[in-house]
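See structure below.
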Amino acid sequence: MFLKNGWYCAGWMHELDAGPIARRMLDMPVLVFRAADGAAAAVQGNCPHRFAPLHRGTIAGDTITCPYHGLVFDRGGRCIHNPHGDGELPKNADLRTYPVIESQGVVWVWLGDPALAAETPVVDTGFVVDPAYATVFGYLSVEAHYQLIIDNLLDLTHPAILHANSISSPEYMGEKMHHRFRQEGQVVHSDYLFKDVAASPGLAPLWGDRRTDVRAMMALYPPSSLMLDFRMNEVDGPDDEGLFLPTAHLLVPENERRTHYFYAMGRNAAIDNRGLDAIIADVARKAFAEEDEPMIRECQEMMGTHDLFALKPAMLKTDVAAVRARLLLDRLIAEEGGR
Amino acid sequence: MFLKNGWYCAGWMHELDAGPIARRMLDMPVLVFRAADGAAAAVQGNCPHRFAPLHRGTIAGDTITCPYHGLVFDRGGRCIHNPHGDGELPKNADLRTYPVIESQGVVWVWLGDPALAAETPVVDTGFVVDPAYATVFGYLSVEAHYQLIIDNLLDLTHPAILHANSISSPEYMGEKMHHRFRQEGQVVHSDYLFKDVAASPGLAPLWGDRRTDVRAMMALYPPSSLMLDFRMNEVDGPDDEGLFLPTAHLLVPENERRTHYFYAMGRNAAIDNRGLDAIIADVARKAFAEEDEPMIRECQEMMGTHDLFALKPAMLKTDVAAVRARLLLDRLIAEEGGR
Amino acid sequence: MFLKNGWYCAGWMHELDAGPIARRMLDMPVLVFRAADGAAAAVQGNCPHRFAPLHRGTIAGDTITCPYHGLVFDRGGRCIHNPHGDGELPKNADLRTYPVIESQGVVWVWLGDPALAAETPVVDTGFVVDPAYATVFGYLSVEAHYQLIIDNLLDLTHPAILHANSISSPEYMGEKMHHRFRQEGQVVHSDYLFKDVAASPGLAPLWGDRRTDVRAMMALYPPSSLMLDFRMNEVDGPDDEGLFLPTAHLLVPENERRTHYFYAMGRNAAIDNRGLDAIIADVARKAFAEEDEPMIRECQEMMGTHDLFALKPAMLKTDVAAVRARLLLDRLIAEEGGR
């Protein structure tokens, strides 16, 4: 079950700069490309004639040419040329089109009712384009239902265990952890303060080894975009000074069992030191791809095709944000009439 | 859904010369071997006792010995020896047998009602054994429903796009393409004339680079054998002189999602130049295995398990032969009572 | 369909000495480990909170720490520590525990009603720990239903065909084979005598090449543990002298299509010649992994998901033990109410 009425990340703007993007999203093939005027356009990813994958064809200027029989479509999805026979255009051969927005580094696509797109804002990913930050990017294909990843991200008690040797440490729990859950409209906030803790090994290149107050404020914007406001402050110091590592976690269900996971991590320190980029990218990759991804995938394997709640899991108080996010998504999906 | 009453290619005669052939056809295991007198015999491919694959056993003279417990069967499928205990023969232990014909290079098997086999002729593949032609052979296992491959072969508008750099060229369409569909009895003909076009890059070794009239006459003999009469003639010249490349495309459903694809391509030029064989075989392999197969497989992936018509595809006038072939097969399958 | 009330082999004791064992058994994750006092304990293999695989966590002394959020469980499965927030223990967070017995080299686990475990003896695998024998061990993961392997083992007519060049020979059948089936309580015995036959090639390193009377007495202890009393005696000599190769075949359904196959082969000859171990291990591996396993797997492929009886197989008189074992298991499974 997916929420169709919502903005989903189809990729990064720099990825679209490099060429068309073909991705399966909500179990539908989607093709995003830049038209002749440079604007992004999004259409269904296969041809209505024999369902050939359009990204294997020629995408040039405002037209897409199918790789199988050469039908040509314009940027609005209309079939405008049939190279065969008398050239009569086939009926019902137009591509579905999707609203698309490029904003602050992200290409967003709307797969639901187009009438609702205009009134729905996209998520603020301003740090990505803010010159005060240097940002590294990543992508994972995770063999798990997207809600398992939302569970993971809204619950920042797991890092003290799972990321104890990378982006967290065993100190980041118990009495040192302060958690506040709040829901504002449809945004689920899960805010953490880790008071007077050791710096994590992974972030030593940026912070050194002195003790710190860590603030990690995660917010879920439905359907499945999460923004983390991460700060390392001096102990008892102000929270608007220090090392800021804002991070976007943008999830898109590929299907019921696989998820696209786009992430970007900014930093407000040593932003001109491009040599640090590879180090920070590796810290993020290690934590997300080598620690989170295998764990989430193995949990999914253990769960089989069952829904989490159907398995009657034990609940911790610290699960409150993840549980509320599930209830919110369940309600939104039910309201739009299911898939 | 398969048509059972029809001749299917189990392999080439030279393949059977080299040893028994074990193949899954219409989702049933089939074993074809030469008996002591050299004649082909076809039986079910697994033992009725514990369903062991008989091709792993010993096939010698007129007997097949099961590799698991040693039951012996004669060429007529009868269980004639039980090596264990008192040697009593088990009941209901005979193998199903299938009518088989060797004809003009092809081993044909009949998997339906045996009574109907005798009255049904096999397809004429005479060029394969005609000394006026040199022939190369190939085989593909295609992860797609067999009807997607029939669609591909009856529609020769796709080569101008998909094979533009191999066995066709972008000129082979539009006004230069003349198409005639006709059905004669149960044979669906799809005849193409490409008038005054460039020679394709792939066939330059045989034809050179002078312009040509290309005739490509494809015929489907149900269930799924297709014969292509391909000719390159001088522009405005007679159609019975020039380069002839008759090609057999013999399809057999392995199951609902995978197809055996046997092909043979003959040529009437430079037939004693065996060095050309590898060049021609590579031209065919490139077109069928590297261009057609990935396209058909990806279309199948896009379609999932849906039938083509259920997806309400857009239709081109040039689809007429493929559509009529689907309607014909649907009717024949319905008439024999489905699978 | 599995029999839950029965002892299943979770592994060898020496495997458990080396560290915790995590295995899927009867389609459930099971974790076996040694507690602080050295005794074996068996619990469900995933955490009740988010179903993380516990063997990825820390297992030390009497506690298991979940690798995802750090919940701690004691050897009795009780959740005893929550490191987060106020540390309140979650409800319904205890692990299922399973009776476990270490006996004569084998770790046995009981996955059914615990009340029935105490009254059920484990199988006697005494040779494994008997100083009069040297023993080699092996493990296979077989992609087949466990009953196909029971069929294989209770029927020792197949070796004369399938293992003709390894642990049997073509002489081991027909008039030279004497078979007796008997059922004692719930134990199915299938006893074979091969009278005055050649030694098998595989066992020549132990027996040489003189002729022999071979006794092979297989017994199935439900659910799926089989013990083979294998003896090579002098022709017409006493049956309590000669080469003894007792062998345990301990099967555990991983799921409906895959089976854990543990085996151990003892010998009463040259027991101090450890160099022979590798030779004997290779003889067993060749027979079980290279001859039996592919045959059983391919039979399963041929059968698809069908039950053997549903396919109405031909029956041989020598199938009597295998058939009776199937009827016995069917009855026992029905009596405990199916899975």
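Points to keep in mind about this one:
Letters A, B and C name the chains as they come in the text, with residue numbers starting at 1 for each one.
Going forward, contacts are C-beta pairs under 8 Å (C-beta built on N, C-alpha and C of every residue); 3 or more make two chains touch, one makes a residue touch a chain.
Everything quoted here is computed from the prediction, not taken from an experiment.
A rotation of 120 degrees, rounded to the nearest 5, superposes the Cα atoms of chain B on chain C. At the interface between chain A and chain C, under half of the residue numbers involved are used by both copies, so each side presents largely different positions. Averaged Cα coordinates give chain A a centre that lies 47 Å from the centre of chain C. Residue positions of chain B touching 2 or more other chains: none. Contacts from chain C toward chain A in the complex involve residues 29, 46, 48-53, 56, 65-70, 79, 82-88, 90-93. Contact residues of chain B toward chain A in the complex are 151, 155, 157-158, 160-162, 173-174, 177, 179, 295, 298-299, 302-303, 308, 311-318.
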